[in-house]
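Order of writing sets the chain letters: A, B, C and D. Residues in each chain are counted from 1.
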Amino acid sequence: MIPENVMNQPSWYESSARARIEGLLDAGSFKEILGPQDHVMSPHLALFDLPPAFDDGMIIGRGLIDGRPVAIAAQEGQFMGGTFAEVSGAKLVGLLRAVARNAGTPQEVSTVFLLLDTGGVRLQEANAGEMAVSETIHAILDVRHAGVPVVALIGGRAGAFGGGGLVTACCSHIIISEQGRISVSGPEVIETNKGVEEFDSRDRALVWRVTGGRSRVLLGGADSYVKGDIGSFRKAAEVINNNAPPLSLETLEREQGRLEHRLKAYGNCHDTPEIWVIAGLSTPAGIADLTEDDFIDLLVKEGVRHDAR
Amino acid sequence: MMPDNLISALFPHGHTLSAGAENTLSGQARSGGRDVEVLGITNSTPLGPETAIILAGHVLKIVKSDNKTPIIFLIDTASQRMTRRDEMLGLNEYLAHLAKSIILAGMAGHRTISVLYGTAAAGAFIATALSTQTMIAVDGAHPSVMDLASIARVTKLPLDVLTEKAKKTPVFAPGVEPLAATGAVSEIWKLSDGLCAERLSRLLADNQSMNNDNRDVLGAGRGGRTMAADVAQRVEKAFVQASDLKKAG
Amino acid sequence: MTDWTKQKAERARRVAAVTSLVSGKVVEPENVTSLLERIICSGDRVCLEGDNQKQADFLAESLTRVDPAQVHDLHIVQSGLVLSEHIDLFRLGIARKLDFSYSGPQSGAIARALDQGKIELGAIHTYIELFARYFVDLTPHVSLIAAVSADRNGNLYTGPNTEDTPTIVEATAYKNGIVIAQVNKIVDEVPRTDIPGDQVDFIVEAPRPFYVEPLFTRDPAAVTETQILMAMIALKGIYAEYRPRRLNHGIGFATAAIELLLPTYGKQLGLQGEVATHWALNPHPTLIPAIESGWVQQIHCFGSEVGMDHYMSARSDVYFIGHDGTLRSNRLLCQNAGLYACDMFIGSTLQIDLAGNSSTVTPDRIAGFGGAPNMGADAHGRRHISDAWLKAGREAAGNNGPLVRGRKLVVQMAETFGEGMKPAFVEELDSIVLARKLGMPLAPVMIFGDDVTHIVTEEGVANLLLCRNADEIEQAIRGVAGYTPVGLARDRVKVEALRQRGVIRRPEDLGIDILQANRNLLAARSVRDLVTWSDGLYAPPSKFRNW
Amino acid sequence: MEKFTIYTQAKSSLGGKRSDTLTGVVASGNLEILFERKGEPLAVIVEVMTASHGYQHVWEAVIKDFVARVSPGGMYISIHDNGARPDTVLLRLMQGARLMEARS
């Protein structure tokens, strides 16, 4: 007998960006914008003798969740690490600008879902990618300013690194799974720059303790924690509604207070179990080893909520 | 160390700038006959949570005052600080919080201008200079995403090959000119020509539709990003059409 | 008058020479190098326990510090040569001659040292073969071994990674040799006595626990659709045909895929309880789902695997567990079981030639053999029967031929192209090229073609038992060699004829839709899934985690 | 990057109604294939862009087998390859054809 918790639905972590979109939206409702048949591809990869992708690793469009119209964008983490680049970035920026512009019109959507799966900026087109990240952040905030929540879903192979980490934290709400990782500098980058003593990137338990889904949601870097199957992400996406915090001075003041408190309370810690000790969690050293159900129970018990974002 | 040359070039009519904790600076100055708020990072400081939260706190306080005073950011940072501890604490949230605070200030009617007088790279660049409405590069400015040596390591290309390619295709080359070509840098000023204070007051006077992010259009015009603006516009058009399709289907 | 006790006297002389360095049997770590300089004499045969996994690393490091002017020309006789210190011994001139089995990470360094004349190579053995020679002509004078704990009398607890230790000690201690053990801890009482203290001369508490390499952990997340297809072909084309109950699996991803398909695809085929019930096998984490689903009755292990200890202790109906509650492994006995008591060996290989010879040697590496040649050889001494063995024997003899004996199923799995588009099928093995270059009289062939019964690739399965001559074997191999140059050069008419005879069977011949080969068929798709299957008992090493 | 186009004919048109489909991802050792229903009903045109140089004859052999197995007439097939092995190419082609044969 295969345990139910193993033989589950298609896994978010393993699936392609397109499969995630299919699984997240109401069946058959996805309308892709600038899809593969439009051949809008990176003009820069040829210089590096790298093959392009028909969608430049960014799939965008509209669709329905529970009948509600939504906008959706998914990065394909397996293509060039899901990186922000000129075309992939412009597709995302265009989508966000369209959502902001159409808020309050018949074309409006209720929510934007960003299925981030990214190593950050594509270095082969670094300047364009850096600008794409900055423009994405500006556009996300415009969307939020227009009253439409932007929700990040994190649980792909590439995580949300570099500029992707910043983009994530600019969203109204962050849904993450155990495998999800959020960080600015990746462990390999820190190891390369600062040495293996600073961050041993091959110690994957450490990598996840520092950047992984459980630590992020416990510390306040993410808002909803889900099991790693696509169905669980969809369930969490269904319940997101307009009570996500608006972008306002009050919201950012609350975030200021939250982040100041975090720095003060945990600034001397070097690994997350030290934080959990201070935070008074019951199994500070064993968070990673809890079963999914036990961890979700812990979250319910702790009542962790970080709505100031 | 305070960037005294820069400060006197920008604000010859007086200021109250002083150095703060964690390599920040803050205070007020006069420009073009009005008061401006000035915030900054000094000493090519890698941007960590401490510096970011102090600056964001200043920005939010200014926004709260509700007087729409322009904010000038003087930036000499580095990359984001690279430590395990900072990442564990959620450096991404601190940097994003700073970016959000600066952009919120713009939305709330504060003219935001950054003056890059030193280095800025990667996430620190995004969270600071690139979050303002207008970015100016002055002497000593060296913006980048990543240095070529690191890009060489990641792309597994020899450095000299990469350097050669960078000459032909500035899309990944570090420095003011390549980034200006993408639309990141609005103007490049020289401190020695004595015109910076005047230029700044002109910029402050021009606050038309400053919250429209048109850097991609600028990049297209300058030839550094030929596709981005066009693609974004195509998507915007198609977005409306896709909603019609939904109704039809 | 002949002195018949020269060895005994020599042993006594050496032991007496170190009395100032020891307290009873215990030697302090800082005195180990001096002790080795007095115990070991130039020209000695030395076994520096380097197993497949467990490494006497502290003793190895200490041995590299002896004065080469005093101790030199050692003859190293050990199964695994995997630490850089092992190579250093030759580089520093402490050792000169080498007889071994497996080198793994040092395979490149060994090839270079051979080329530079730093190593005088005796032979590259299979495990059982080297162990056998310990008792005939390669008996160690001194053995430096590793154990988990010792008491002050030298009784050793080797823990789950017993591996080679009993064999090494048996050969050394009973032939007037000297046995020195590094242990992680000296304790008042050992949990169980794996090696009796009277066979151990000296013990040292090493500054850090001995190194163990997780060699058998294959991350389900890395199993590809191609490997799943091959596993389906193997299950339907071989397991379902011959029903081998007793078997050994190699350590590659293709066989890991089979293990992960047993509870799903294997069950669909109705094979549960019919195949793969008894194993000579390392503790593969990927077998956990099959064990938990009730497929497996019994497993004997060569060694242990990092992270599997608690799981195995809790599954003592399946594994060999001491009264203390931990695994007892034994490489010699398990290899012997693989040779004589198994109906099938199935494993991955890197290169196969047109006669079915296979090798994992590349031009600049001497990786050695380990156990595959014993597992993957028909044991001509076998006299007991099984259905699988008899069926294979009948196929080999032809329907009308006399049944001389059965055959072990020896199955080689190979993706037609390996890393960097390197074809797995070749006209000439790299190992034969290497042997020519180094002047080796015998090319290091892993499994000889005349032992191979089946070859499985993503294109299909070739049954060499049904081939009647060298030409048929060649075309059967070309016929599953895909788009490699060897495969493209097939004689299409002959290959089609072999297919009609069932010598070659493609997925469609077996009723397998290649689009079924998808990762959702795997009983576990991640190491995390394996932990869940194991009820939290499996504790994978950090490098395999993504949580 | 090596680019070439393979023109061939199938015995019959590929069934199904879908106008296009994308299968696979341009990841290391993988490829993406865009199927478009356009052109002559029996023509099969395969446009290949690949990071591995010098394997055109292998591509031709794979396409030949694919066409013999599936008969994908009327397909314009564009491939971006990042070092996929031939068996992966064949698998993706079969997957793509199967998706195109879907009714909607």
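Convention: a residue touches a chain if its C-beta (ideal position, glycine included) is under 8 Å from a C-beta of that chain, and two chains touch if they have at least 3 such contacts.
In this text, all values refer to a predicted model and were calculated from it rather than measured experimentally.
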| item | value |
| --- | --- |
| Chain whose Cα centroid lies at the greatest distance from that of subunit C | B |
| Dominant chain pairing [most C-beta pairs in contact] | A-B |
| Most centrally placed chain - per-chain CA mean versus overall CA mean | A |
| Between subunit A and subunit B, centroid-to-centroid distance (C-alpha), Å | 24 |
| Whole-Å gap separating subunit A and subunit C, where each centre is the average of the chain's CA atoms | 43 |
| Computed distance of Cα centres, subunit C from subunit B, in Å | 59 |
| Geometric centre distance via CA averages, subunit D-subunit C, whole Å | 41 |
| Touch-based graph of the chains, sorted into line, ring, star, complete or other | other |
| Complete list of chain pairs which touch one another | A-B, A-C, A-D, C-D |
| Residues of subunit C defined as touching subunit A within the complex | 221, 263-264, 289, 293, 519-520, 523-526, 528-529, 532-533, 536, 542-547 |
| Contacting residues of subunit D [partner subunit C, same complex] | 52, 55, 57-58, 61-62, 83, 85-88, 91, 94-95, 98 |
| Subunit A residues within the subunit D interface of the complex | 16, 18, 35-37, 46, 49-55, 57, 76, 78-80 |
| Complex interface listing, subunit C residues touching subunit D | 225-226, 229, 415-417, 421, 458-459, 482-483, 488, 514-515, 517 |
| Residue numbers on subunit D that touch subunit A, as the complex places them | 1, 20, 22, 25-27, 30, 32, 34, 36, 49-51, 78, 80-82 |
